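Notes follow once the structure below has been shown.
For reference, chains read A, B, C, D, E and F in written order, and residue numbers begin at 1 within each chain.
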Amino acid sequence: MRPSGRKLDQLRAVSIETNTSLHAEGSCLIRMGNTHVICTATIEDKTPPFLKNTGLGWVTAEYGMLPRATTSRTRREAAAGKQGGRTQEIQRLIGRALRAGIDRSALGERQIVIDCDVIQADGGTRCASITGGWVALRLAVNKLLKAGIITSDPLIDNVAAVSCGIYAGQPVLDLDYPEDSVAGTDGNFVLTGSRRLIEVQMSAEGSTFTRDQMASLLDLAEKGIAELVHTQNTAVG
Amino acid sequence: MRPSGRKLDQLRAVSIETNTSLHAEGSCLIRMGNTHVICTATIEDKTPPFLKNTGLGWVTAEYGMLPRATTSRTRREAAAGKQGGRTQEIQRLIGRALRAGIDRSALGERQIVIDCDVIQADGGTRCASITGGWVALRLAVNKLLKAGIITSDPLIDNVAAVSCGIYAGQPVLDLDYPEDSVAGTDGNFVLTGSRRLIEVQMSAEGSTFTRDQMASLLDLAEKGIAELVHTQNTAVG
Amino acid sequence: MRPSGRKLDQLRAVSIETNTSLHAEGSCLIRMGNTHVICTATIEDKTPPFLKNTGLGWVTAEYGMLPRATTSRTRREAAAGKQGGRTQEIQRLIGRALRAGIDRSALGERQIVIDCDVIQADGGTRCASITGGWVALRLAVNKLLKAGIITSDPLIDNVAAVSCGIYAGQPVLDLDYPEDSVAGTDGNFVLTGSRRLIEVQMSAEGSTFTRDQMASLLDLAEKGIAELVHTQNTAVG
Amino acid sequence: MRPSGRKLDQLRAVSIETNTSLHAEGSCLIRMGNTHVICTATIEDKTPPFLKNTGLGWVTAEYGMLPRATTSRTRREAAAGKQGGRTQEIQRLIGRALRAGIDRSALGERQIVIDCDVIQADGGTRCASITGGWVALRLAVNKLLKAGIITSDPLIDNVAAVSCGIYAGQPVLDLDYPEDSVAGTDGNFVLTGSRRLIEVQMSAEGSTFTRDQMASLLDLAEKGIAELVHTQNTAVG
Amino acid sequence: MRPSGRKLDQLRAVSIETNTSLHAEGSCLIRMGNTHVICTATIEDKTPPFLKNTGLGWVTAEYGMLPRATTSRTRREAAAGKQGGRTQEIQRLIGRALRAGIDRSALGERQIVIDCDVIQADGGTRCASITGGWVALRLAVNKLLKAGIITSDPLIDNVAAVSCGIYAGQPVLDLDYPEDSVAGTDGNFVLTGSRRLIEVQMSAEGSTFTRDQMASLLDLAEKGIAELVHTQNTAVG
Amino acid sequence: MRPSGRKLDQLRAVSIETNTSLHAEGSCLIRMGNTHVICTATIEDKTPPFLKNTGLGWVTAEYGMLPRATTSRTRREAAAGKQGGRTQEIQRLIGRALRAGIDRSALGERQIVIDCDVIQADGGTRCASITGGWVALRLAVNKLLKAGIITSDPLIDNVAAVSCGIYAGQPVLDLDYPEDSVAGTDGNFVLTGSRRLIEVQMSAEGSTFTRDQMASLLDLAEKGIAELVHTQNTAVG
């Protein structure tokens, strides 16, 4: 029934290749089917001004998309002179999600910037960015621990994300673009490794939904996240 | 227990004053406690380019805040030269929420722009904007119906929104700013008059949450929305 | 003869409601007929860099207009990405006018920002902003005096403004939009409570004018300002 | 008494060199003492959209200043990414002033753009721009008349401008920068060749002023404008 | 002598992987040592306005760099709100270089946009972009030919580029970042497959150079380009 | 054969008028035929941040063009809100070229900003800017030397620039606009007074070129530069 032939509760093929960047403190290339995102982590010795002298660290994220990551070419935001509303919404979500999995006191007064750049898009780029972004963050934090710069691990738990939606009347896991573009309702779910909720965003796109449907999607999300967390853990070794 | 002395499931004092604008096709001033928002609806005879010749209409929203709507002065976005990420996220939400309550075919090829301008802020400005925005929309659509420009009502149901969150370990309805600024988890819920869900956005701010907590917040939201819908209906007569 | 039925030397109905903002140090809502402006004053403990260590204070202003304050919707400047020339011209005028009524040494090294936001426009918004802006300034300065932060009153005199113009060949006081849009000549006059001149801006819009006409408009302005100053004083108590 | 040794009612040395540009339809270099402005007129076959099919023409102006036209280097507006408020205010004034001297119906549906670029500044740049801008406009219009593109002269009268102010307690004509920077009151006066008023802009900079002082400055302006109009007429032959 | 141990006239390891993008009409990932660039070609049915009705086509390019392509993180241009001078200079060069290898009449009135996005940088990114950009262009044009949309091949010859410079007093081929950052003189050379010159850009960075040195660098460039052209031809089959 | 009647190796009439600015530390007006550029030098006591505490100075340049310097009016960059790619490319070239002729250690930790503003354009504006920019720089440095602020001359040699190109199949010196707009190949050459090379930029515009043609253009450039250096030296006395 799904355009890809997948089962209702089946993720796309997922792979996470680590250390793909020569320069970054942490990096990976995550592939969720045809959605490919490069995630890098940069450690900076300064924090945003509002954290000055609090002893707390920060994690923030930026998101971008290559112009031809999409079916037809999307205008380059640097040429347009600003980041669009969608970009800002996504990068705020990634930062918020990753911060929920971190003990900012253990990180100390430093900032880690997660850059998520979509080199190919087929739906679910914000979720792939969170899942891959956590891997880049994990690797960068490992470097800090190994160098003795910090002594206790600030990462409380894995953070991963997946989208689910009502496609052709059925709840399905991990929407790809052909599904996403026609889904009546879709949601993004960010969970920890121990299945606690970090972020739930559900939207009616053209039709409203019920509490029961919401529960079904959340069930699917829990299943998908468990698999993604396993992939994350395998990738970081 | 709440700073305002309200009960856990108690909304702030709500009022909706209609026809507050001399010029707009629909307008109101909504007050949710100390949060005050001017909402206006403008009918335009054109739609966005992607709807050209589809027979479908569009509802979009813009959001702003007076510089001194806030405790300390916020920099004017027009002076800063761009709308911030938060503003864009909110106005995209308002537009999406209101579109979910409309039959775009019955509206015909025209656009209604909802402007929501916060003149005083005390938490929950995006929810007040949606609830008040729907009233402005309702009044503008009434004008189209009365003038015979459209013949069937494109508004399927009321659309209203409320925030809920975990404050001091307890689920509470309709967070004001003192609550919102320390809540561990908070959510925005957009529902129809018949309690179908349009948008659910829950975020862990500093702590994760469970499915049970999510359900409690949704229960509170349903109660609050019922009261808001009643206030909307009284206001539009 | 005037569209509104007013006499040639008659102001529109004026009202100034004070303390309309929960947060601002001074605030009012001024109504000159259908022109409604929210004015707030924000006290800041810093001055512009060029006043560093001079012991002198500063008053500056910003001006904005809600998109649907006008007959047809005006594009939001924050969305356009810049303040237009008209906006900048007006806010420079408001700041200059209010500074002329202040002893900057008595104010001390602090800045007061006056925000004037037009929520409904029917001509004369810049003049209403100056008249209302002075009230917000007066209230904020009162707060400084009451708190003993400053000891001598920096406000030398009232500052108020009114527009006059040649409408249908006749000098008239306080142009509303229907008059303003066809006036051959119009002027904005800023005076003190003791009728000294602060700013005179007269423009030929389509026809030139004479010194005699200029004198007639100034006569009208003096009459109108006297009434506005009375309203200001009543409002601030 | 004046820093330059000039008499109270004495203009600076004025010269207007015409046809200084190889490419423009009209051009001049105006020198008012050490203030030097290049003015060019460009004829365009289109008008702003709001004049479409009205048969009326338009004159508009843009103003700029070379970075080192000033005592210390001023940041290039193109590098800053926007025209400042002062620039916009000045170019709006120049356009408005020149339009007041033109029969827009005789001009026909075309636009003339006047560019005023200050290559050296010593006070009074906006007035020099208007006086020189009119010369560029006159030469461009002459070209249209000579080519038979228009048949009746749209220029009704000369337009010229001069600044006057209260310097060291005395009304003086044509302020240079040392005077302008300390003047308590200053004004810009735009008049026609037959001494009708187009624009009067008087500002209290630090001290208020009286109607009598205003009259004295206007007397000086009338004297100065007469001389400037003579120089204009000599320049255009 | 070279940090990498390469011979003076030795290129870095070069590879060009084609069809790396699911969506683009032509694409490759070019690796010149640690410099990695994704190049995509997008065919558009419209040309820039100045080519309207000329029967001529256009090739243009845009260039970008992921924030952490560099040793330390570079600010994202989309967040900064504009493309920097270096970016604009490079993308103008890429476009100009590729246009020199194309018969614009044979291409017909369409535009091909080449996007070059550096995912990892180690010197020579503009040259890699040109060499890889030509491959993406070749593949896109092949698609047009195969589909019968154009009938004669608009690509006259290969276009490839390499940098050379004086490093430690010696002319060397294909500078990497450690060499580039200290080279006294460096140049970028764009040649065709038949070794005709398209673009020569030589700069003294800290020391001037002679005609003889220029000739030596050009000799090296010719050798390197021959190898790059061979790699291009192998890649496109 | 040339539109201007010049010989193949003949420069346009060149003149350099010095001290044209009342305010700048160094200034000139350079005329190369109908290309006229005002060049000013501003001495600043600060350097860019990356030179802090290095003891080294900096020379940078900005470039602009009056809107009607060109045959048809060019949009003002300040109004457009950004400097175009061509402007940025040119001003980077001017700065780089002038820095190559300076001993930055002898200059000490200060910056000299060279502003080059084209008031009339007829081809070769970037070359005229470099040649005139060096004169402004020379005069500003002379002032530093005379005042004893620096004691050894940081200017190593003259820096001058000229364009050459293949016009109608022939190598010609100093292209004017009619030649430049149709030249198949053109180049800009920056040399020192002792004929060492600083910058060579050759581009195929529509046709490729050979090493022999490149050598011919360089021969012409050397001849032209010798004459320009002579003119520079005469101008600075």
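Assume contacts are C-beta pairs under 8 Å (C-beta built on N, C-alpha and C of every residue); 3 or more make two chains touch, one makes a residue touch a chain.
Quick caveat: nothing in here was measured; it's all calculated off a predicted structure.
Participant: If you walk from chain to touching chain, how few steps can bring you from chain D to chain E?
Facilitator: Graph distance in the chain contact network comes out at 2.
Participant: Using C-alpha centroids, which chain lies at the maximum separation from chain E?
Facilitator: C
Participant: Return the distance between the CA-based centres of chain E and chain F, expressed in whole Å.
Facilitator: 28
Participant: How many angstrom between the C-alpha centroids of chain F and chain C?
Facilitator: The answer is 51 Å.
Participant: What's the distance between the Cα centroids of chain B and chain C, rounded to whole Å?
Facilitator: Chain B and chain C have C-alpha centres separated by 33 Å.
Participant: Taking each residue of chain D in turn, which ones touch at least two of the other chains?
Facilitator: 81-82 - these are the residues of chain D that touch more than one other chain.
Participant: Connecting every touching chain pair, does the picture come out as line, ring, star, complete or other?
Facilitator: Its topology is that of a ring.
Participant: Could you list all chains around the ring, opening with chain A and heading toward chain E first?
Facilitator: A, E, F, D, C, B
Participant: Within their complex, state which residues of chain D touch chain F.
Facilitator: Within the complex, chain D touches chain F at residues 21-24, 27, 34, 38, 40, 42, 44, 62, 64, 66-73, 76-83, 87, 113, 115, 117, 119-120, 122.
Participant: What residues on chain B touch chain A, complex-wise?
Facilitator: 82-86, 88-89, 91-92, 96, 100, 187, 192, 196-211, 214, 218
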